[in-house]
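Listed after this line are the structures, all set down as structure tokens.
Two complexes come next, and they have one chain in common, chain A, joined by chain B in the first and chain C in the second.
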Partner chain A sequence: MTPASLDLRPLFPAIVVAVTGLAVLLAQAFTPKGGRAPAAALSLAGLAGALVAVVVIAGGRGRGAVLATSVAADDFALFFQALILAIGIVAVLLSTSYLRETATDRGEYYALVLFAIVGMLGLVSALELVAVFVALEIMSVAVYALAGLQRDRPESQEAALKYFITGSFSSAFFLYGVALLYGLTGRTSLALIAQGLRAGGIAPAAAAAGVASAGAATALALVATALLLVGFGFKVASVPFHMWAPDAYEGAPTTVTALMAAGVKAAAFGAFLRVFLQALPSLAAHWQPAVAVLAIVTMIIGNLGALAQSNLKRMLAYSSVAHAGYLMTALVAAPGLGTEAILFYLVTYAAVNLGGFGAFAALTRSGREPVTLSDMAGLSERRPLLAAALTVFLVSLTGVPVSGGFVGKFYLFSAAVRAGYAHLAIIGMLMSVVSAYYYLRVVVAMYMEPPVGEDPWSRVGTGAALALTISTTVVLVLGVYPGPLMAWARAAAGSLR
Partner chain B sequence: MTLDLLAVLVLLPVVGAVAHAFIPGRAERAHKIVALSLTTGIFILSLALVEGFQPVPGMQFEVSRNWMPALGIRYHVGIDGLSLWLIILTTFLTPIALLGSWSSIHSRVKAFQILMLLLEAGMLGVFVALDLFLFYIFWEAMLIPMYFLIGIWGHERRIYAAVKFFLYTMAGSALMLVAFIALYKTSSAHSFDILLLTQSPVAPSLQMWLFAAFALAFAIKVPMFPFHTWLPDAHVEAPTAGSVILAGVLLKMGGYGFLRLAFPLFPDAAHEFAPYIGALAVVGIVYGALVSLVQPNLKKLVAYSSVSHLGFVMLGIAAFNTTSVVGAVYQMLNHGISTGALFFCVGMLYDRRHTFAIAEYGGLKSVMPWFSSLFLLVCLSSLAVPGLNGFVGEFLIMLGSWSLSHSMVALASMGVVLAAGYVLWMVQRVLYGEVTHAVNRTLPDLSAREFAVLIPLVVLAIVMGVASPLFTRLIEPSVQSLVYETGTRMRKPSPPTRAAAAMVGGPVGERR
Partner chain C sequence: MALFQAILCYVFGALALGAALVMVAQRNPTYSAFALIVTLVSLSAVFGLFGAPFIAALQIIVYAGAIMVLFLFVLMLLNVRTEVRAPGEGRVFKLVAIGLGALLVGEIGSVLVAARPALAGGFDASARQVARLLFDARYLYVFEATSILILASLVGAIALAKRDPSS
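Coming up: the complex of A and B.
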């Protein structure tokens, strides 16, 4: 082992977050009964510290691949890490008042959030399939536990169980795909797998196992690709692997749903991109049509499903399925413009979902959350600013200017059309019109219907107000002045080529 | 760096809207005063465009800056004869609409002013944008304030109307966005710049598809028969200011889109589709007039008359020669003035009686003499009586469209006759005869504020009727070059059909 490989600087952000997680747990243990550990403050400090570390690394100190080139701090990883840490900060800001109102204010909540973030950070920087799997599991296990944190709510338990079972199932698919690729090429490193597959030769291990012809090798590689596709399909909630999403999104504590919709989706797409573009480019002609088909059914079923929902969290869950479909239209067009578009879109999408679920969380009072459209009636008169912010998020989800969502969608569909997949863009735009109907229903309720009865909602707390302000600002600024983020996304996408 | 007057015009309302956010909502009067003075100021500022405008073809007040280099998108604005007067129309109608709704908007006054300002910014943006992306941003962004205006301050079925308006318009423009990207990809210009794109034609087979996508968006906006069904709902349910802006400006964007984008970008497809557009336009003229004839609801009558009037605009565009297009642009302005004024009049009646039913009125001439005389003038301008604005536009359109098809012009002239029928019959039932409802005996005549709303519109209707060269002088050079350039860019040497002759423009002497 050379001294260079002991360099842990690229891992520094993840280390900071992990240590903070442990510190939060310990602080909880050392707090006398009845007292309160400053868990939220500690988490914020840790996440902010990690963000600083990302910035420092991006400045040039500590880039590169370490641990036998299994983990890297390249532009792509740094882009995602910054995004994920920002998501974490906003999610923690949203959590304090929500946890208090739902009586789930326990230290392990923050520790689990931090551990989930460690997994996400690893997921986007792993250059090697086993590392990807380990990071995926770190993230998933923490999120399973978070989903079930409201033990007294049966929905929460159901969410955790469903998410756990389908999640483990998908992990198994993923692992089987990893195993096949390893068997075929004798490697787990993304770059070396790509080399092996491109050479078309059969690794000695595979030959020993009886893979005799190049044709059989290709067939096996395709099976492995399909299995990986299933694994990632589960994590990004693409149809037909989306069944868990509505239940998990609805049942999980709302701030956890926000983290799932923003963070898990971003990290999963990050790994999805990296694995498929770096390990399987030689099979692109095979997996791109498959992803295209998945994108189509995901956009259609996600949007039609959302149309039928009366529960707001379920509606946003189906909308998150639909948005996975939009994102996959650009995955078909990756690398290049498609990758950039996905990176850009994930930023606006994260802001919108944190904001949207965050708005519901901010209104929660004594365990009661807004869940139906009638809960939203007349909200513009009771909480004018929050209603305005929520309108911005819904407009952005619909993809109407002036919002980051519009620019992002334009970016995604530009990539698809330029890569010759105009039909994906056409379906995506038509489905956006469908989506306008269900997003607008919320706006109608907030602005065009009178409030009913007593005001049951909480005042918006400081942390939540800050989080919502950040999200709104991001969405609006990206709608008008997206240039800098586009340039950054382009640089990040460049490191995948 | 010169002062970017167009950017100032578009941004001022936005700045105003932000400023409103800092005035407490209870200070309703302050909100009204600030918005009215700001929009009046914007109108005065916009007159600087007329002042500095040269009667030559090509873009003026042009500014082009880098915006999103990653996607080939620029901030590019400018105006020519097509857009100049539409901009003035927008800045002119907005303060009048605010004044007109001074006392009819009772709830959420602050939000109302903010939305009107944002709407103005969006409308101005559409008319100045010279980059497809920029155009689309304004085109779509405009929907949101209009949606709220209808949905919050509208009448009984306002929510239905607002959602229908939003979904219809968005559905129309959804495919246009894909067409934009496809155009970027296939055109040799590799840009979203409208001026560059018009100079690098696309293969005729692809033109058909792209034109169809553009035409759908614009046809819904105009609205052309059979895409008009959202319009009666939106118009009837919207508050007066919303109807005025909707009819006065928003509907013009369809015609403007055809002239600025669909025809010059896809000359071959436009030539191919022109007879069908003309036919639909004529159907719209007659259909809109016939439906107006049987309307018992005053506001719906005006709404359907818009379908008919905009049919004329589309007929002029379809014929696509200098005379007919100048007529179409002029008719767009006329319709903005006349129908805007009509909606104000209808709104004033509604403010007094809270009904749009024609049967509820009658004999108002003796009760409200001032209102009646102005209303009559507005109606006459709407049905194109010579000496008033409507006549000039419709005459130029019919003159120019003669080359497209004689029978279309003949049928369109039926529309003029029918218009006289439905308008005068309505006038008769509302203004003349005995006062049939006791409540109507005590209706107050126009207030000073209402005078201030109607007088500018009526004066303009007369001025535009007798001194049309004042306006057409600035429109004509741009239209002439548009028609000529579009004709020369056609790929296929077309057979010398009448429509083709129309495409390249008749001899100059033919005009007027």
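Coming up: the complex of A and C.
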């Protein structure tokens, strides 16, 4: 293949974001000492530009383009890329006031956010395992550093270290799985691996390595699948690979936590879906029961863990674990309905988490963040709009009707039921009832308890207000009018088959 | 010529093994590091003799060069003269290590017995071939994306380690 025939369109959004990241770094370098480069504005411009690029590609002939069998701009990739870029824009909007109040306002912050987004964009569009791995590492490395950016807080350092060590460990698992699949089939491309596994999975290379029988090949393929499952399990924070999540979510700067809960989870689920549905469909009978078990323990332990938390960030961290479980119930039912349900739910879930963590970030003043229930007492009197928005997010996390969360959970569980996994849906619904206790406790504190002492919280800045408005609107609109997004999700899910 | 190559191969193989043993047995960490350099250089020679000059060069540049410099730098920075033993590193630890070692030896033995240890024929591991693959359209994206990975790590490391101008 000559360079002239390389189709770079699938890469375009990622290139725009990467170049913006470089521009942010350089702008800081060329700003006189003591001055501040307009890093947030640059980042917003870059992310918006990339979003426009995604829309243009989706509407034009670039739709479905593939770069050298390794990166695709199919509907699935474009859906996720639009979601990730929107998450990035909201996260940047939330960041300016929070960074000022916590004295972490540094040029590197925005550059790292942009690089993390480049990784996420690559993760959901990669058609080939080496590309998946490199994208996964770009995203992870940037987020490890972001988690530790508040260096004067020991919790932040702890978060970065724990996330880094467990994350690197999980990357090693993932890589081992990739190596085994490559050894078996001699390919790294998802489609060709699926072909190889279907054909019995014995490549000449595997035969030379002494794997002579089809049984041995299947056994090796299953080990590889298990290793990939562990790798993705870590990234989406499913039990039993969730130990890092509460500490990392609590210790990381709150806007980074929002990015982790919304963006990292969405991108990881995107790659999870693509790798398992495109490369390992012939082993589905083996991995689906395993995912089902993981989903059950994740839902139960996530929700019970959240019940016991007094720190709100930790509570939302455990809730994020629980939601990985809900999402995995539909993964068992994928492809088809399950995939669409996951795509739809990831959108509402991203909006809710950006809003929830964003509300905490918006209230932060002089390094002090609201972290306990008593911090939320009487918030409805001091910040009526913010309290109302936070109520919408918590209600949506519980899955009460007229919120995006209800519609999302409905799709997830009905996909599971139709695929014959009704028990998963029942456990999911029971656990949603349990979750009402810890979510609504916050609402009760905000509305039923009187405010204590002087108002210690910051006024909600313009950027944060805009971000919270966007999140609230998305949650409410999806609750009453989910049709168009569901249609997009269906088209996106269709391109995985 | 083949005989000469075989002799060299055994000589460097023995050197690599011997130096590895010295590295483990040595109490002074700096000497251990130097013994590791001998192992790595000998391994590189073995790679070269097996017709993989590119891996041989990488072995020297990356391991014997960059990584060893890092090791020695840390050792000298911390000024460690003798091995410090962590408390609680007792008999259980040794038994587990011996068990895992035995498992590895058994595994290697069984592979040597079961599979014919034949070298894959017509295998081209020259620098030219590696470069062809690296710039092949299939891996071009990964190759370029790695630069973003390295940049992100670099920026992250600096952001975490840099002294705060305000404090």
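List of remarks:
Here is the rule we go by: the second predicted complex is superposed on the first by the 488 of 497 C-alpha atoms of A that agree within 3 Å, B and C clash if a C-alpha of one lies under 4 Å from a C-alpha of the other, contacts with A are read in each partner's own complex, and residues count from 1 in each chain.
Here, a residue touches a chain if its C-beta (ideal position, glycine included) is under 8 Å from a C-beta of that chain, and two chains touch if they have at least 3 such contacts.
Computed from a prediction, not measured in an experiment: that's the story for all the values here.
If you put the two complexes together on chain A, you find that chain B and chain C both fit without a clash. Within the superposed three-chain arrangement, the count of touched residues of chain A is higher for C, of the candidates chain B and chain C. Using the contact criterion defined above for the overlaid structures, shared-chain residue A:A111 touches chain C, although it does not reach chain B. When the two structures are aligned on the shared chain, A:Y447 is found in touch with chain B, with no touch to chain C. Of the two partner chains, chain B is the only one that A:R490 touches; chain C does not reach it. By the document's definition of touching, neither partner reaches A:I193: not chain B, not chain C.
Using C-alpha centres, the superposed arrangement gives chain A a vertex angle toward chain B and chain C of 150 degrees, stated as a multiple of 10.
When the two structures are aligned on the shared chain, A:V402 is found in touch with chain B, with no touch to chain C. Of the two partner chains placed by the overlay, only chain B lies in contact with A:F413; chain C stays clear of it. Per the superposed model, the minimal spacing between any CA atom of chain B and any CA atom of chain C is 37 Å.
On chain A, the surface touched by chain B in one complex and the surface touched by chain C in the other have no residue in common. Interface residues of chain B facing chain A in the complex, by the touch rule stated above, are 67-71, 133, 136-138, 140-141, 143-144, 147-148, 151-152, 158-159, 162-163, 166-167, 170-171, 174-175, 177-178, 181-182, 184-185.
Contacts from chain C toward chain A in the complex involve residues 111, 114-115, 120, 136-142, 145-146, 148-149, 151-153, 155-160, 164, 166-167. Within the complex, the chain A residues that touch chain C are 1, 3, 5-6, 11, 18, 22, 25, 67-71, 103, 106, 108-109, 111-112, 115-116, 118-119, 122, 128, 130-131, 134-135, 137-138, 141-142, 144-146, 148-149, 151-152, 160, 208-210. Listed in rising order, the residues of chain A touching chain B in the complex are 340, 395, 400-402, 406-407, 410-411, 413-414, 417-418, 422, 425-426, 429-430, 432-433, 436-437, 440, 444, 447-449, 482-483, 486-487, 489-490.
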